[in-house]
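Supplied in structure tokens, the structure appears directly below.
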């Protein structure tokens, strides 16, 4: 059991003929993911490494291969369109890696997705992995191992660090979901915590949050009322100066709710232990599970 | 009983301080309609004829007077906004008299109204009247008399002619609805025929159609399958040259379906008698009811 | 309101659409100059009229073809001389044809494949629709009749607009692949933006062509605009005067009247479009033809009524005039006053029949009676039509 | 990316917003010329820095007020002389203040009432939001704290957009009536169009003022843009260079690096924003401060790495450098190669600590070792931070 993806997930890679698309399509294949199709408009009929057929559209890819999840590497100006194309083709899970999509594009995309079945992860995210089953994203596969901890994060490389610390201690992961660093994105922290709560394979939850927005507070409120699974959290950006953009467009502190302090208080009020040092995420999680 | 409006209808007039708004607000009041409020932004606090209070917005008018229908005279550039303002304020019936609204504005308005409870009549229409009860529109009141015929029309003055011929013969009307001459509008012919079918006060139906569009065909198809009430129809524009705009923006014949010939065939196929001369609408209706 | 091809090209070019270089010319010398400024050969000379079927058209002079290929500027000048000032008759113009006062001179790229692409408002679905076919360059109505499966449509949600993936899907349905798929999709996206931003009522590219070097080109463009929206497009509204060929219509436009010139003998002034059409219909049932459609509407003032009546009186084809008013917003007394004023400027040359009903009809009748003018009144529509037709026959 | 007030005014003026006449000046003489070209009095001189609280600010020179009213051009020149080239300290600049290189000289209409108006993206509701208050001209955060009921918000459906009736309702909630209601609503509609069409991230008018003659005026405007969308707004993107006051940030911008200059002593190069923030956090936990935030991201090439490392080495505040890479998209070997290249250009003046993990980390470590450069390696994050802090103390 897992959330979002498993061995049966069939992936189409949008932007497969681009540099990042090709590199990560191969990496996902190497990990064992069923990458069954690629899409690059105008390149229909080609093949990647003589095994993954490339189509002009997601609709054609779906008809030919039955793909049910999409991994998007389309550059920022066309990424919103790529997301909506996948949704219109009836793809149930869309993982958008693309960085730098204008905020208003995502506002429009999410308005279009409203009321639809499609789940969007990202953009500007590392993707999702269920270790030893399916990797749809850009995370290094080898740092993961199967196990009981569900990891949800707004960051990319910081998640790798957290996962690495867990795996080094022998603590495996049920699924790891990077929801992305942009201010307006798909699946939220609370929703993923809710999925982990309902997932029998997940025994404990790790949240990697950061400055900006209000999602940590929502996740904390959900956990407090509706979950008994062990949990721990780390928050990045305690030292970030207010008003400046720290790489992630979503990580600008614009109001009091966005500060690490406010989020830490919310976690503490919910009874969620907050790990203070990024070097102690593994040990902190082990403590929470003890 | 009646469709759409009756003695309990409470009307707000949007654009009440304009020339047409003032003239027709008075005419409606004279007819006995409960015109309880007017709206002109920036004129809130004034009164029409020392009895109808003017507000800055429909929302304020509704809160103060409980109005439940709106009559719109706002000039074309602001008319779409006025319709949406009334809908947002929860007005259940909106009658838009305004002529000359850009088609794309109406496309946007109808997209916004989708799924809402609000009913829109018009634009570019004479409005709706239930004789001796309530007149929300610009038709001359004196030509009507209460009675059994439900009249639905895409035209303005041609409806007056038809009603006049009916009344001269002593045939009264249950309600008369002018749905408007624009290509994209609110309530359609079929929907009004459906209302008449369900209205106990209506014993027979008169359709005044014209060139352009497909609504006559839809109404005919509905009547054939779902109504046993006597019916007759007149169609204007048999002599109109194709492709030219005959006053009504909706009355351009752009395809075969829009011709009087095509509509006449649809009526005949449905068993609906078609009155051939506009001078014989009264006698034709009497024949259909005999 | 449809515009000339050369105007449509200018407007579309601003949206980056691939249009072969060319320019309008209104004299043979100018046509030659335009041709000399163009680099590729062959060239094409196209008569600018607001009707289709030009290629198979014939001038009243006997010269054939409203669209002609030329090899060099000298030939362009010759063809231009034959076309300009002539009258072109096509399947769509009627036997009287249309005067040709301007030509488009343009490069004629070599066409590999012809497609059809149009955008319009679907009044039933209440949204813009894209219509396409891989069989372009021919009469699309005929394709629709004979091979309806070769016409492909998509409807655009007016809220979210047209996204590029939809345009690509559309282009794929027209049979395009590879780089042509992306180029055609780009054309569709730009054309939709043009359609929305300019309140077009119709944009029809026929053919949209695949030309040499894997390029796409707009070979012919028919563009119409929503007249209700011209208030927000002053530049396009400015085209209006150039477009009107009928002098009566030009007069009516200046007076802001809904007027369409027709070829019959009975001048009509009616209020309301439906009533005006019905009035035309009953005239025809009485065996006569209307000289025009004229809806004075509800908001007209006395001055417009004077001008409207003046246009009817000045029309040499008119044998009698029928005034048919059912007052609603429009007051019958205002109509009567306007008629009296118009008749004070010019004596009537033809009989006038009037039927007034509705708002202030009694006052209107009284004004006409008091004026002492030779005006016949009618009590109902049938009577009015019969009198007008009889009067026209007397006069004829 | 926030722009200067004078830039914001120029952009807003194109949308027909009511902005008192004025112009930017960068010398006292130019300021006087601008003043002479303006008709109404009094005039206002405003220091152009990217921070608020200017009115109550103070120059390091002792001159008080970054916003000063003047009666005539001579006085404007005098004030300009006092401000230009100075450093203005306000509640928002920190004690180091900001250099003043440009002034805005504008007419100062008589203010009857001050309102607040802002548009921003509500990330929780995923749509644009309008924020307004009838208490403008003051710190809005303070109003939000003390009188939250005096702040009014509406959210705009991104599909259907802002309709004028919503703008009027909003203006009414700010307490406006009569002609002011319609004028303010017009401002709101235009501002929203500006916001959407330019991919703004924030537009804040504080105050939006009711001025003499029942007019509305934009007295001060703070405008920020979505950096992700600058690719479609080349003109606004062109403002960027003018905006950067920190020379390190200017260098980083040229190399397209995510860099924020800070005031600590440890230079950091990290991949990924979250990891970079966490790295800064752990340094602080070790009792040190980062000299910068620098995320080299996943897509950087070797040349960018060279430049990034060069910026850290050139920073005089830096006492030690911490390189922290968890390879994902980014390969550790590329980082190592870039460092080696940068160090071949300039000898390191401060100790360097490196932690590599993830994609190709072994290859990266080997490259660094083989280079023979004096680089300390660390195995985990805690070790790396401690080594960097210790090294900085030794160096200090």
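Order of writing sets the labels: A, B, C and D. Residues in every chain begin at 1.
In the analysis below, contacts are C-beta pairs under 8 Å (C-beta built on N, C-alpha and C of every residue); 3 or more make two chains touch, one makes a residue touch a chain.
Predicted, not measured: the structure shown is a model, and the values here were computed from it.
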| item | value |
| --- | --- |
| Intersection of contact partners for subunit A and subunit B | C, D |
| Intercentroid distance (Cα basis), subunit C paired with subunit B, Å | 28 |
| Centroid spacing, where centroids are CA-atom means, of subunit A and subunit C in whole angstrom | 56 |
| Subunit B, residues touching no fewer than two other chains | 108, 111-112 |
| Junction residues of subunit D, two or more chains touched | 159-160 |
| Arrangement of touching chains [line / ring / star / complete / other] | other |
| Pairs of chains, among all present, that meet the touch criterion | A-C, A-D, B-C, B-D, C-D |
| Residue ranges of subunit D touching subunit C (in the complex, touch as defined) | 159-160 |
| Interface residues, subunit B side, partner subunit C - complex | 20, 23-24, 76-77, 99-108, 110-112, 126, 138-140, 143, 153-161, 164, 181-184, 208, 210-214, 234, 236-241, 244-251, 276-280 |
| For the subunit C and subunit B complex, residues of the former touching the latter | 121, 123-124, 126-128, 157-159, 196, 199, 201, 226-229, 231-232, 258, 260, 262, 270-285, 289-290, 293, 295, 297-299, 326-329, 357-359, 380-382, 385 |
| Residue ranges of subunit B touching subunit D (in the complex, touch as defined) | 41-42, 44-45, 56-60, 78, 81-82, 84-85, 88, 108, 111-112 |
| Residue ranges of subunit D touching subunit B (in the complex, touch as defined) | 160, 163-166, 168-169, 172, 177-179, 181-182, 185 |
